[in-house]
Amino acid sequence: MFDANRALQIVLELSGTFVFGLNGALTAMEAENLDLVGVIVLAVITALGGGIIRDVLIGFLPPSAFRDWRYLAVASGAGIIAFVARRLWVRVRRSITVFDAAGLALFCVTGTTAAFAAHLGPFQSAVLGTITAVGGGTIRDVVIKRVPTVLSSGLYAVPAAGGATLTALALEFHFYGGFLAVGAALLCFAIRMIGVKFNLNLPTSRPHL
Amino acid sequence: MFDANRALQIVLELSGTFVFGLNGALTAMEAENLDLVGVIVLAVITALGGGIIRDVLIGFLPPSAFRDWRYLAVASGAGIIAFVARRLWVRVRRSITVFDAAGLALFCVTGTTAAFAAHLGPFQSAVLGTITAVGGGTIRDVVIKRVPTVLSSGLYAVPAAGGATLTALALEFHFYGGFLAVGAALLCFAIRMIGVKFNLNLPTSRPHL
Amino acid sequence: MFDANRALQIVLELSGTFVFGLNGALTAMEAENLDLVGVIVLAVITALGGGIIRDVLIGFLPPSAFRDWRYLAVASGAGIIAFVARRLWVRVRRSITVFDAAGLALFCVTGTTAAFAAHLGPFQSAVLGTITAVGGGTIRDVVIKRVPTVLSSGLYAVPAAGGATLTALALEFHFYGGFLAVGAALLCFAIRMIGVKFNLNLPTSRPHL
């Protein structure tokens, strides 16, 4: 059972690494007018940040990002590609949001499976899956001096937690597989993009304070 | 000897987690007008941040915050309670300061004992106890784009280090117990609140630079 | 072979710790007008940050900075010295840049050797050496709310990576020694200072976006 799931895990993780790398690169170019090195650095920070935090918390050291050269290669490759093709980006802000949602979706699934494979319980795996999904974007935001999306946008942690929880239940009750993985990722992606489109938010605190 | 101290450790740690959770939640509502999710996220970051940093530095992975469900439950519970009761907070800024000082006081003691229990020497335990105490508030400040209190306020790291040092000496020379723990915490709390009340500071650098 | 290199490693590491401590202290005084405690805290953060990140990623816990009292002593000593001698700093901004470049240079060599000694491959060692070099300064910048130099300045990560790569090659092909270490550090320092002097930068992204 684990071989097909391992291939699935690697494909999803590298895909998430790639889209988060694009997101980090676009953010570096749009927000800060950084040069090529700065773009690559922010792409790598965004793409690998969540997974590194998760591996550190699990105790899986050195983190996957440093054991398998493909993660660093895909992350910096995404940065280089985005920089070289920078004149082609027409709707930059929308791309940034979509890539971020895609990375969120892929990582909330793969982060949970990675934690579960390290023998954490289903609840803990879901928590670590959520952290993996929001972690890279949060480090990216802090480094460019923005309030992290995980704080400012209600439907960011929630869809990530939803996808992670569904994945954790699937792993615990033995119905995890390719279809479930893609389904959980799509669910997370959809909720996030719906929240963005309709500008949905949970009740805020200020009116009453 | 260790059983009563273990119960004491858990009670103090959960109390510190709770008050730091309240502090994080109030900061989220007062400073940033975040919604319910943002409030819970910042409560959890503030409440668990210091302990997670300490456990990572000790090598105790996964950190206690993820092994024992009660930490996450108390931290998010504090966030929810603060949000639901938000109309009741009259003197918000004062509450924020008091809860932060209480968390600082409790964690400088429990952080030191946790490090000592992991077989670190007394000096190292005091350093890690200080880090545990100031860590959560520092991550909270960085994430909401404020200069961390540990840098801007002289009597923040000092009382934490004081309580941690007293605790470390007590552990090394075998006079640690309930009274000592509460005493060290009160000492830290008192010094911090006195510094706040009288706006005490150490000599600054700018006049001469 | 390892004994002379171990002494070399400690001398270079403590030197890098010292200059990064001076850099952190001067930054605290010039940028933020902090008091003595704040100056020491930022000195310690800048001086020990990179090495702590590296040791966490390698899995070498507790980090060297907490095992060997000299690191913390040198880091806080640098902070105290800088504060006490604050009226003597004439060209502060230049000193800040020079000390930062010196720390970058020393740590890109020692960070790589530390990773290699922990049995990481040459490529991974170079990556971790680069992270060790830029890590302390990055945490310093984030904490005082500046966009990190590693993002804003193209010739910051590049010289660090250059020195780290040369060191990694030397270790892998057995020609590492005192001369190579000093040479690699000087190479990194020179590239960084040349980039500063002539305000060199790689192509930026904004003109085309």
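Observations on the structure shown:
Going by the order they are written in, the chains are A, B and C; count residues from 1 in each one.
FYI, contacts are C-beta pairs under 8 Å (C-beta built on N, C-alpha and C of every residue); 3 or more make two chains touch, one makes a residue touch a chain.
Model, not experiment: these values are computed from the prediction.
In the CA-based superposition of chain A onto chain B, the rotation angle is 120 degrees, rounded to steps of 5.
For the self-contact between chain A and chain C, the two sides draw on mostly distinct residue numbers; the shared fraction is below half. The distance from the centre of chain A to the centre of chain C, each centre being the mean of the chain's C-alpha atoms, comes to 29 Å. Across the assembly, chain C contributes 56, 59, 142, 145 as residues in contact with two or more other chains. Put simply, chain B touches chain C in their complex at residues 56-59, 120, 123-124, 127-128, 138, 142, 145, 147-148, 150-152, 154, 156-158, 201-206, 208-209. Of all residues in chain A, only 28-30, 32-39, 41-42, 52, 56, 59, 61-63, 66-67, 69, 72, 83, 86-87, 89, 92, 142-145 touch chain C in the complex they form.
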